[in-house]
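First subunit A sits with subunit B, and in the next complex the same chain sits with subunit C.
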Partner chain A sequence: MQTAKTVTVGTMESSDIMITLKPNASGITIDLDSNVKKQFGAHITALMTEVLQKLGINDIAVEAVDKGALDCTIKARTIAAAYRLQGKTDYDWEALNSWNV
Partner chain B sequence: MQLKRLWFDINPTAKRQWQTLLTQAGLMADEQVDYTIGLYDDDNLVATGSLYQNIIKCVAVATTETHQNLLAPLIKALLDQLDEQQQSQAFVYTKPCTAPYFEALGFKAVVATTHVVLLERGYPDLNAYQLLLDQRKVTSTNAGAIVMNANPFTNGHLHLIQTALATCDVVYVFVVSEDRSQFDTQARLKMVQQAVADQPRVIVLPTNHYLVANATFPAYFLKDQADLAVAKEQAQLDATLFLRKISPILDIHHRFVGDEPYSPVTKVYNDQLAQVLTGQLQLTVVPRLTVDAQPVSATKVRQALAANDWDTVKKLVPATSYHYLKGSQPHANS
Partner chain C sequence: MVENKLKREIPAKYAEQYGVYDGEFAHIDSYQAATKTIKPIKPNDSKLLGSIHEAIVKTGLKDGMTISFHHHFREGDFVMNMVLDEIAKMGIKNLSIAPSSIANVHAPLIDHIKNGVVTNITSSGLRDKVGAAISSGIMANPVVIRSHGGRARAIASGDIHIDVAFLGAPSSDEYGNINGTKGKATCGSLGYAMVDAKYADQVVAITDSLMPYPNTPISIPQTDVDYVVQVDAIGDPDGIAKGATRFTKNPKELLIAEYAAKVITASSYFKNGFSFQTGSGGAALAVSRFLRQTMIDEDVKASFALGGITNAMVEMQKEGLVDKLIDVQDFDHPSAISLAENADHYEIDANMYASPLSKGAVINQLDIAILSALEVDTDFNVNVITGSDGVLRGASGGHSDTSAACKLSMVIAPVVRGRIPTIVDAVTTVVTPGSSVDVVVTELGIAINPARQDLVDMFKGLKVPQLTIDELKDKAYAITGVPEKIEYGDQTVALIEYRDGSLIDVVKNV
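This part shows the complex of A and B:
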């Protein structure tokens, strides 16, 4: 899916993550800025990639400013960003919940 | 802690508090702002930030409150405001020592000099602009570049382009994208494109904010500097940005600027440009074209337009611009 739009979700408060989605020609590129990048950078990147792919987004540039967000926060923010990018508000809770099994 | 918009016109107390806070932070209270917010602790203003177009400026946090990370909510609120205006791109000019605070909030440095750093956030970014330049690139052995506002496009601009064409095989003409002139960006681009339509060796490009304009360069953080010293900083930043980020993409070897005999600021600009480009890019200052022993300038054309003096306009602009101006008459002051 390709889009010319860019969206930003989240805040820069402690324990939150601010995610910006920008158009990208091909593939998912993630530019992560985090104070725990050394410890969890790879994990956070993998988590966001997984969520995006599950939502069918394969070509996107992600810019994330992480202030120590937990996995649930990262997931929720990524989902919200992806939905907002497509202008969708009808969250498919059934599908989203099924990931947690 | 409460976030509020500050209205200077109707709230002189807020304005005084704002000025005091900025002065304490070592900044000058620059009132060229469109939108200002403040964080209040009871009745005390403890942090503030402003927008001017899509430039974040006048950001200060009271020294007693620096432990609370007030910068994050402040910048977030400013970004939200930009978002509301459909602006997805934000810029910050700041001192090198405070740049890391902005980088921690997701800003990326575009270019830096000894005293100033320009950072950006959002999209389209410098990468996107460089991609656009790369798409428009033409193979050349000695490419030249000219930056112009073309407000409106005159015979002087045409003369500059022709002078460049005499020594260069390809000439890139950058038309300033900032929309703060009498003729809007589209009109100025169009006039330039029409004038060089028969010239395949001339490529017309937008600057998309990646030209540091004197008018938008916020100098308030360079305290204790006279106007000319400020112009020097702006020129240095602009020249560095051009040299490092733009000219390598297009393989530019030569830059041309018009001579401005009456403006000391432009002289400072040209001097700085020459200094930064030394040894890397050739700089040629082209003397002004004269008509009836008078230098041609866009200012003069605008004056003639305002006075409905079409004979003078005809003498100063190429036929393409003349037709365009006659057709659109954007100055209509009736």
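This part shows the complex of A and C:
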């Protein structure tokens, strides 16, 4: 989907990630700033891409400032950002839950 | 490349120069102690000089020499920056510096490196900015990281020959009798500085509290001191205790401390006359708190506590739980006051504290040591010098010394810090070999080094969860994921000496 909105979720606290979504003409681009980028940067980028795609967002610019968040936090923040971007509040808990294995 | 006993690769030229690690006591051999040149003082000579500038001129300091400092003021130190700034102004270059450690407050050192004033460094540690700069490769020659005992050994054996020691003196008289318990910026024990004073060719005492002669007690005697300089301030007393010693409220740290105390009190070493050393971190201090309670409950008293003295130890001594405090360094102000007031609180130098080449260090008499870690691997090797991103940011300290010499060495650490696993497949950098580490204590339980079958038997009934080190690592990785390998450059930025002077690891640029 296309949107002109920009949303930001999360905080700069340690073990959190702040995610900003901005319109992008084509594709998902991720600008990641992380204190664990050397060890987990590729993993974090792949995880956010996967979540966005599952929620049907394929054209978006992501700016993320990560302070060592765990995967569960990164997923939750990405989902919240995506829903807020789309203006949706009808969370599909069953679908979201099914991702957790 | 030469592979050492821990399968760490050491570049051939450094392997040849230093030798490589081959076991904890493989290189303990007889040697001729280092000597120094003495310029005698005659009856009417004065040692008092007007400025640091004048002292540098008088010592004849020139390009290529080695100078040293002590780190007893920790984050409150003014001396190293003052002296290096003056040296830089005078145009002296290509110096080797041998401070006992380097703190965040020494960030101006980065410019002195870039300007060619400082071209060689040996130190116990390198903190944030200086560590990051050196990791980025600003020095042509690698920094040599030495433990506290290893530094004392290197000085006593002549591996480090100090031309001029610039020693911050909390109080001194005009003739150079120095102690750390009187004056404006008291740091307590001068244990690391005492070794420099004994072996350096020339010693400059820099003080902001000039006392009438004779200044007592005498930690560093006039017979070791060439010049005395009075300045406005040598250090910030608040900085000395910075970063140390609050009692933690963090439940994870408290649980680790509780488990550690249970291990200690369940061990056969826990009996009247036992001895212990703790560090200054939050969890380590909490261990003393739990230990104290069991000592009261079971009426067990310690013969001595060693360190790295903190107020927690001072209070235990005041309560009669610990007979003596053996003190190479103080981590807070109450400890410095105790050293001044209490005859059973005794100051020792780093050679007596931990040198592997002394005629027996105090750590050889130590029962139990509590140590921290940035990382521990499944071979029980410990890293306390680099972050898991490969950047220099810690300190070797007394880690490898104490753990090698004491009877029960315990490494306490959380399984993960944020997203960083602490228990890993292979540590980023080895400072302490796994053979020195007996028990790893985490919030999820303990792992006993299988090489210590006696401890496995001893702790069979212990009411603390017991796991293998591999299980602890799996639990860490289950939370954080498996970290990617760090990509290093080709430049060696630090050599990690084992306490005996051989190379246990090297650090490459990132």
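Note that in this section the second predicted complex is superposed on the first by the 100 of 101 C-alpha atoms of A that agree within 3 Å, B and C clash if a C-alpha of one lies under 4 Å from a C-alpha of the other, contacts with A are read in each partner's own complex, and residues count from 1 in each chain.
We adopt the following convention: a contact is a pair of C-beta atoms (placed from the backbone, for glycine too) under 8 Å apart; a residue touches a chain by one contact, two chains touch by 3 or more.
Bear in mind the structure is a predicted one, so any value in this text is a computation, not a measurement.
Asks: With the two complexes overlaid on their shared chain, look at subunit A and say whether subunit B and subunit C clash or fit.
Replies: Overlaying the two structures gives subunit B and subunit C room side by side.
Asks: Between subunit B and subunit C, whom does A:40 touch in the aligned arrangement: first, second, both, or neither?
Replies: The answer is second: A:40 touches subunit C but not subunit B.
Asks: Draw lines from the C-alpha centre of subunit A to the C-alpha centres of subunit B and subunit C: what angle do they form, to the nearest 10°?
Replies: 90
Asks: Determine, under the contact definition given at the top, whether A:71 touches first (subunit B), second (subunit C), both, or neither.
Replies: The second partner, subunit C, only.
Asks: Applying the touch criterion given at the start, work out whether A:23 contacts subunit B, subunit C, both or neither, answering first, second, both or neither.
Replies: In the superposition, A:23 contacts subunit B only.
Asks: For A:14, is the partner it touches subunit B (first), subunit C (second), both, or none of the two (neither)?
Replies: both
Asks: Could you look at A:63 and tell me whether it touches subunit B, subunit C, both or neither (first, second, both, neither)?
Replies: first
Asks: Once both structures are aligned on chain A, how many angstrom separate the closest C-alpha atoms of subunit B and subunit C?
Replies: Minimum C-alpha separation, subunit B to subunit C, in the superposed model is 9 Å.
Asks: Starting from the residues of subunit A touching subunit B, keep only those that also touch subunit C in the other complex, and list them.
Replies: 14, 67
Asks: Looking at the complex, which residues from subunit C come into contact with subunit A?
Replies: That would be residues 388-390, 418-420, 479-481, 483-484, 486-487, 510 of subunit C.
Asks: Would you tell me which residues of subunit A are touching subunit C in their complex?
Replies: For subunit A paired with subunit C, touching residues are 14-15, 35-36, 38-43, 67-71.
Asks: Of all residues in subunit A, which touch subunit B in the complex?
Replies: Checking each residue of subunit A against subunit B gives 6, 8, 11-14, 18, 20, 22-23, 33, 63, 65, 67.
Asks: Taking the complex as given, what residues does subunit B use to touch subunit A?
Replies: 69, 72-73, 75-76, 79, 83, 88, 103-106, 122-123, 125
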